[in-house]
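Next come two complexes, and both contain chain A; in the first it sits with chain B, in the second with chain C.
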Partner chain A sequence: MSLEEKVLDIMRETFEVDNVSADISQKNCERWDSLRHLTLASELEDAFDIELEPEEIAEMTDFSRVIAMLQSKL
Partner chain B sequence: MDINHSLLMFDHIGIACRDIEKTKAFYLAMGYEASPVVEDTIQHVRISFLTKSGEPKLELLEPMDEQSPVARTLDTVGVSPYHLCYRVVNIEEAIAQLRAQRFLLVNGPVPACAMENRRVAFMFQKNNGLIELVESQV
Partner chain C sequence: MTTFVFRNQTVEAFLGYDGMTYSGYADISQVPADVDRYIWFYQVPVNPDSAQLAQEIDSYRDQLEIVLGQADNTKPFIIFSLVDLFNLRLTGDDTAVADAISAFNDHTSRLADSMPQVKWVDFSEFTSAYNAETLVNWKYYLMSQTLLNPKLSHDFQAWWKRIENQLLLRRKKCLVLDLDNTLWGGILGEDGVDGIQLGGDYPGKAYSLWQHALLQLSHNGVILALCSKNNESDVDEVWQHNPNMVLKREHFGALRINWQDKATNMRELSEDLNIGLDSMVFVDDNPAERELIKQMLPEVEVPDFPSKPYELMPFFKGLMEKYFRIHTITREDKAKTEQYQANAKRRAEQSRFADLESYLYSLDMQLDVIPADEHNMARIAQMTQKTNQFNLTTRRYSESELRQFIDQGWRIYCVSVSDRFGDSGITGAIIMQPVDDITLNIDSLLLSCRILGKGIEDAFVKTVLNLMRLDGYRKLTADYLPTAKNGQTADFYDRIGMTSDAASSDGAKHYTMALEGVFDINNCYNIRVL
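Up next is the complex of A and B:
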């Protein structure tokens, strides 16, 4: 499974939605609220065994930024 | 889970509200006393503490603008308990211990003008929600 597919799976579970695509962002996904945003960060830490800084968590506002952040860590 | 039992000492419950005056009226009617409202421009919130002998201290948080994290909480769940706050002797040590328990550092440590400029930090864990740490002393 690719990095992108794994992140989409995590987002699908975290936001409890059936369909998630690569254009998902905080702006176009109502269920990507502040608490689920923190849950997403927590799930990404666990899934990829990374540590996120507060600034990185704040900047993860859409799918492409999440992927870019992960690629910089892995 | 390995954690020092005296690391965290309960301090208060934070409650997100849209209007401090409207929310605190209920607590004043129950005999709580309210501190003057303080504006925290770092956290983008207006704050008032509510105290009553023998009862847990409450902190009312009203967003100053849409940048405030409290505003986003209100949009999601409405007026509600927002966090539990714990006093810590050494905030860096507490953060490190909680990071080891998979708590995220959400922000801080930063001085909190509503708490004598003691430093605070917010941390989150998916199984325990949002907590605030506040230094026991400046």
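Up next is the complex of A and C:
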């Protein structure tokens, strides 16, 4: 499974929505609120065995930024 | 189901979003009534000033008091205990915070005794499995107001699901145990009565502790049964001559000590005890026996057995949490093993009498027909949850649902049965909904399988219907809804004289009856209406 697919899976699960596509962002997804944002960060840390700093978590506001952040860590 | 959560931290990641509404942080200004249940899940806040923190914790009791006064007391109210997740003591003897926490926990656990809707959940049972570093994640606390580490959310959800099942009384009824290398170490047939490992030093000590634990389980209403390949006379010798055998013959509701295959034995035990195979848990050290049961009787729960005797206590704890624990044990539950044994005695007596009638007379049966009230509501709800065989409609109700029915004018009665062999306690219930001034619908009718075979169902229903006639009801409707287990009740209403429309394709039947005359009741019962 590619990195992108894995992240989409985690987002589907965290936001409890059926369809998540690569254009998802905090702006266009109602479920991606500030609480679930932290759950997402925590799930990503576990799934990829990385640590995200609070500043980095704050920057991950859409799918492409999440991917870019992960790529810089892996 | 909708739940309203009172909280002082961000707990959404743990309790979830679906159907949940959360209060503001430590906000008790809103106490909604239109929810199905309430949860109180506060955390100990972070505050380095311990005197101030203790005061804040003390204030939670007052907050809770106010909320309980306003909440709908027919809805379950679940209170989590407080746990100090980050114990910051500047001096070793500063116990102010610890004292405040234990005062809160003492107070709230006692509330459950006086307020039937309150259920107390010991949160430390979850947190104690983790060390201090794992429990708290400061990064997430400072970003989001949740001290409890969000990485534990999956573990928490699994634990919480188990607790919810306990609150809903979904538990097994019977634990079936093997003997050799299960209740004692070694093999009786080879090692002899004095050669088996039981009591004394390890490993015998491990087995006697495990037996002590099992004995407590039986005192709390779980039926123990034996299923062992042995000569019964050898096992009798253990009971007579080995003082370390904690579990005596009388602690088992039924036993099969023989050389027959265990699947057949399990089926017979289930018939003997009159409980379904899906209410049974099979414990055996032999993987081949476990596999046989798994293959032949998939309804039976078959946990893996530990390979080392010192793992028996954690194994016991797991059994208890997974299958047997509930939050409130009723008095009837505690007496259950005795009742199952008394049944066996009654069956032995039965063969001595030429006809059933004279046997029934000889029992001196006392039936108390009691309207539902605060003392028996928990038991009636529990029976609707657990009774499968003699249950005409198999509708499951909680205590609070029953209370609502009563508020809406429904008529609910239960029956308590005793005879010269013992007291079976409350073992049957009927739930009736008024349709109009003269018409009553029997919504639910159920009797515990422990008391069947003595015509009690007949006497109970006829007594209640005679009462209803005196109250002015003239017409009765009722349903039989078939399940995999309640086949024996398919013709019950026909037998008491009701007539059914044509049965539908799934076997369900709808009955009607005019309540005109008085039902005759066999006078082998002493019936009291309380």
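Throughout what follows, the second predicted complex is superposed on the first by the 74 of 74 C-alpha atoms of A that agree within 3 Å, B and C clash if a C-alpha of one lies under 4 Å from a C-alpha of the other, contacts with A are read in each partner's own complex, and residues count from 1 in each chain.
As a convention for this text, a contact is a pair of C-beta atoms (placed from the backbone, for glycine too) under 8 Å apart; a residue touches a chain by one contact, two chains touch by 3 or more.
What you are looking at is a predicted structure, and each value in this text was computed from that prediction instead of being measured.
Engineer: Given the touch rule stated above, what does A:Leu38 touch, chain B (first), chain C (second), both, or neither?
Structural biologist: The answer is both, since A:Leu38 touches chain B and chain C.
Engineer: Looking only at chain A, is it chain B or chain C that touches more of its residues?
Structural biologist: B
Engineer: Does the superposition put A:Ala47 against chain B (first), chain C (second), both, or neither?
Structural biologist: neither
Engineer: For A:Ile57, decide between first (touching chain B), second (touching chain C), both and neither.
Structural biologist: In the superposition, A:Ile57 touches chain B and chain C alike.
Engineer: Looking at A:Glu16, would you say it contacts chain B, chain C, both, or neither? Reply first, second, both or neither.
Structural biologist: second
Engineer: Shared contact residues on chain A for chain B and chain C?
Structural biologist: Shared contact residues on chain A (touching chain B in one complex, chain C in the other): 34-35, 38-39, 42, 45-46, 54, 57.
Engineer: Over in the complex, which chain A residues touch chain C? Could you list them?
Structural biologist: Residue positions touching the partner: 16, 34-35, 38-39, 42, 45-46, 54, 57.
Engineer: Spell out the part of chain A that touches chain B in their complex, as residue ranges.
Structural biologist: Contacts found on chain A: 33-35, 38-39, 41-43, 45-46, 51-54, 57.
Engineer: Under the stated contact criterion, what part of chain B meets chain A in this complex?
Structural biologist: On the chain B side, the touching residues are 69, 72-73, 75-77, 99, 102, 104-108, 124-126, 129-130.
Engineer: Provide the residue numbers of chain C that touch chain A in the complex, in ascending order.
Structural biologist: By the definition above, chain C touches chain A via 10, 12-13, 17-18, 139-140, 142-144, 150-151, 153.
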